[in-house]
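The chains carry the letters A, B and C, assigned in the order they are written, with residues numbered from 1 in each.
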Amino acid sequence: MTVDPAQKSRFSRRSVLVTPAAVAGGALLTGAALAPDSNAGSAAAVRQITLYAESLPGGLFGYGLAPGAATIPGPLLEIYEGETLEVELVNNTDQRLSIHPHGVDYDVNSDGSPLNASFNAPGETRTYVWRTRKQVDAGGGRFMPGSAGYWHYHDHALGNDHGTVGIQKGLYGGLIVRRRGDLIPDRQFTVVFSGMLINNKKAPDTPMFEARQGERVEFVCIGHGDLPHTFHLHAHRWADTRTGMLTGANDPSPVIDNKNLDPGSSFGFQVLAGEGVGPGAWMYHCHVQMHADQGMVGLFLVRNPDGSMPPGAQAAIDRFQHHHVAGPQADHSNHHG
Amino acid sequence: MTVDPAQKSRFSRRSVLVTPAAVAGGALLTGAALAPDSNAGSAAAVRQITLYAESLPGGLFGYGLAPGAATIPGPLLEIYEGETLEVELVNNTDQRLSIHPHGVDYDVNSDGSPLNASFNAPGETRTYVWRTRKQVDAGGGRFMPGSAGYWHYHDHALGNDHGTVGIQKGLYGGLIVRRRGDLIPDRQFTVVFSGMLINNKKAPDTPMFEARQGERVEFVCIGHGDLPHTFHLHAHRWADTRTGMLTGANDPSPVIDNKNLDPGSSFGFQVLAGEGVGPGAWMYHCHVQMHADQGMVGLFLVRNPDGSMPPGAQAAIDRFQHHHVAGPQADHSNHHG
Amino acid sequence: MTVDPAQKSRFSRRSVLVTPAAVAGGALLTGAALAPDSNAGSAAAVRQITLYAESLPGGLFGYGLAPGAATIPGPLLEIYEGETLEVELVNNTDQRLSIHPHGVDYDVNSDGSPLNASFNAPGETRTYVWRTRKQVDAGGGRFMPGSAGYWHYHDHALGNDHGTVGIQKGLYGGLIVRRRGDLIPDRQFTVVFSGMLINNKKAPDTPMFEARQGERVEFVCIGHGDLPHTFHLHAHRWADTRTGMLTGANDPSPVIDNKNLDPGSSFGFQVLAGEGVGPGAWMYHCHVQMHADQGMVGLFLVRNPDGSMPPGAQAAIDRFQHHHVAGPQADHSNHHG
């Protein structure tokens, strides 16, 4: 299975949001006409999108940017700190559902919770308003945090009042609130650990993320479901900060390559693909051994700078395909004694 | 169920500690005569309190500031970095028990562990001494950490040598070591995730925390028991720092609204109630779906600035009461495949 | 059981790495001839070691610095940021196995994963190359993280493609990438939480770490297996930073004494033994109550400055030995309701 990275960018586009070059693990929301800093200073910009919640084969559900275009995870949404996003959600299913964001500001009508009667009845269209804010100097060397961060959104109403079934069946996606001046990546990948699945798939069907050696790639990692997880990426590391980078030579933040990704949590980071390690097929996986063994594993394929396959990468991909169909299972029964 | 926030402050008071205006989710320990910075410079201040460990109905136990006043969680204790707190613990039960603090300094006699023969026999009174320290400049741009933080205390002797039964039955509480200059909140809430309970309660009996729009409220979050949890608060966020605030425009700390709250861990933060989102009934809950579904959910009621109920809030409270008695349960049996 | 701390340093030595005085919980890798900053400026230093993977009694496996010297955990490896470590791994077992590091740079041939055909067949010797890098100023107040950190290494091939059996049976160890100028501790302890074991042992057989009052000791904590854990150390605390220390009076990093230690994660910190609390037998343990109750507990023995035993310490050690053989068990069956 070789994949042309160019294929990854064949998604609908809308001129509403920040423009990365390519997104995998979810649809792309871009603003081709919007340079990253084009509206610096217009803090009150209001952006509008329409999302369609739809049924998918196998009893699954997804959010999409057009009818028939729902994906799991849903589109990666991205705005700048200070902006407002109006999300018109069209419910094309026969279920009660909603959209609940993390990190941003919303009043009770946009909470996305049945508690606040904030949901879409079957067939209903409803608009949810998400505002963001810049940090505020509270005096005395203290700042109240702004909205910038790697956040996410998910259903909070399908199946029960906490959206447990909606989340289980695929109604989730990433949400980035960028700060002016933040680096814009070349490629973006959304990774959702939910149950024992990645983006509702098991290996070998988990997403293979692709980039060329040296490209700036951004991972947006989201946890859901009932189980604790840890996200590990081979051969790359990041700082445990808002951006994954450090702010100075003496920044005390830990540098890590493995991080808890437990239900409701999210984080993100940028790395230069293959920097210092070269191209190849690198694993990303849950480091809970039983979860990895049962399929919470995927590949981050770093191609040569010209886009060609590096030596050994196709063999690794073939091995990955074979292993997770026919590979041996470890005995977890006596792990704990 | 409407609650007058004024009711929340009807707890015994002792002039030993920092003075917040009101505390929920535990008794209040205040120093009405003590302005926050009144003893700046007297680093060696020694404060004394008496705590009573007592049996409660249903086989539970609690710590309280007076006989018959035990609560779950126990009183929220608060001192300034540099101070010493002498805790005289009166054991009014027929069980061996103790008090073990996190974050502060104690010698082996105040460890609270049977390992060090540091516990109260049934009926016994024993004094535990907790000291705190300021950070120390270790040279070369390095500081050894001081004691300031959002900590907690718990039994370490009831039922077995790790206090497993004492913790299970309610012997825990919050402990704040404040640094001079830290902001003092208007209201404080202690949230303990233990087992699948919040402050040993299930929804709809979990605490409803209340504040008025714009008040500075402080959450002290503590994890206990056997299970991993994540704490999520709707419509508010905080920095993952010592105080929940940032220290500058370029502070790299992550901003979050969902954080692991696993056994033995604690954290705290301050938010302005309803800031940017308005008043209303906001959920706080464990984001592990199965835990939320089974009742690890409570309400943070943000009232109007004048203390009146905002539109829709009473309906949300009624819904909450009803849902958690009669609400549907999601099927968790096939979550993981 | 009294232990002479001098016994702890009877391990083979090789002049390849940084020189701490003594290491427990694993073999020692030191460079007696290498002052900590002796090769500052020679960023491209290449160090070489040979590790022997061997079978141990009870179906276990370990890494060691010489034939017959395998330990669980394996030797604590330590290099400076900017250096390269060439690890010649001799597989003296009849199993396929490998070594996979966290935090450092390696190409696909040194990945240690069967995915990349990077492993030792039974009896095979193979060299793995681990490079490190200094942080890079990316402009605009952003630095791409360097390699400095408390990392670890483990098998990734024994039993299955994720090394689940190798890890279960003891093939893991600590890896420190030190930054020039970092403080060098007097003693180092490696603590691995894997399954419900510490360094593959249950109390009372878990390691007793020893230091003298005031010595600078370094804990390297590593999580493995299938279960979530939290590491707690009595009477000591650290900052949640790269080094466990703060970088200034207003460093916003949380100060903690309990931290998630979930599979694949690692962290480290330095404390002054018994600082502000005095000598004695201090517990370290998993704070998941059920795990502590079932033996995830050990002792950190802080001796008097002259090396003698402090009052009460031997009694505590005796109690520890007895308790974990014959102590009562709490009922965990109804923890969660």
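Here are some notes:
One rule holds in what follows: contacts are C-beta pairs under 8 Å (C-beta built on N, C-alpha and C of every residue); 3 or more make two chains touch, one makes a residue touch a chain.
In this text, all values refer to a predicted model and were calculated from it rather than measured experimentally.
At the chain B-chain C interface, residue numbers used by both copies make up under half of all numbers present, so the two copies contact each other through mostly different positions. Rotating chain A by 120 degrees superposes its CA atoms on those of chain B, with the angle stated to the nearest 5. If each chain is reduced to the centroid of its CA atoms, chain B and chain C end up 32 Å from each other. Among the residues of chain C, those touching two or more other chains are numbered 141, 228, 239, 243, 245-247, 250-251, 253, 260. Contact residues of chain C toward chain A in the complex are 102-103, 105-108, 111, 113-117, 131, 133, 135, 137-138, 140-149, 151, 159-165, 167-168, 195-196, 223-228, 239-243, 245-247, 250-251, 253, 260, 262-267.
For chain B in complex with chain A, the touching residues are 141, 181, 183, 228, 230, 232, 234-235, 237-239, 243, 245-260, 272, 275-278, 280-283, 285, 287-293, 297, 310, 312-313, 315-316, 319-320, 323, 327-332, 335-337.
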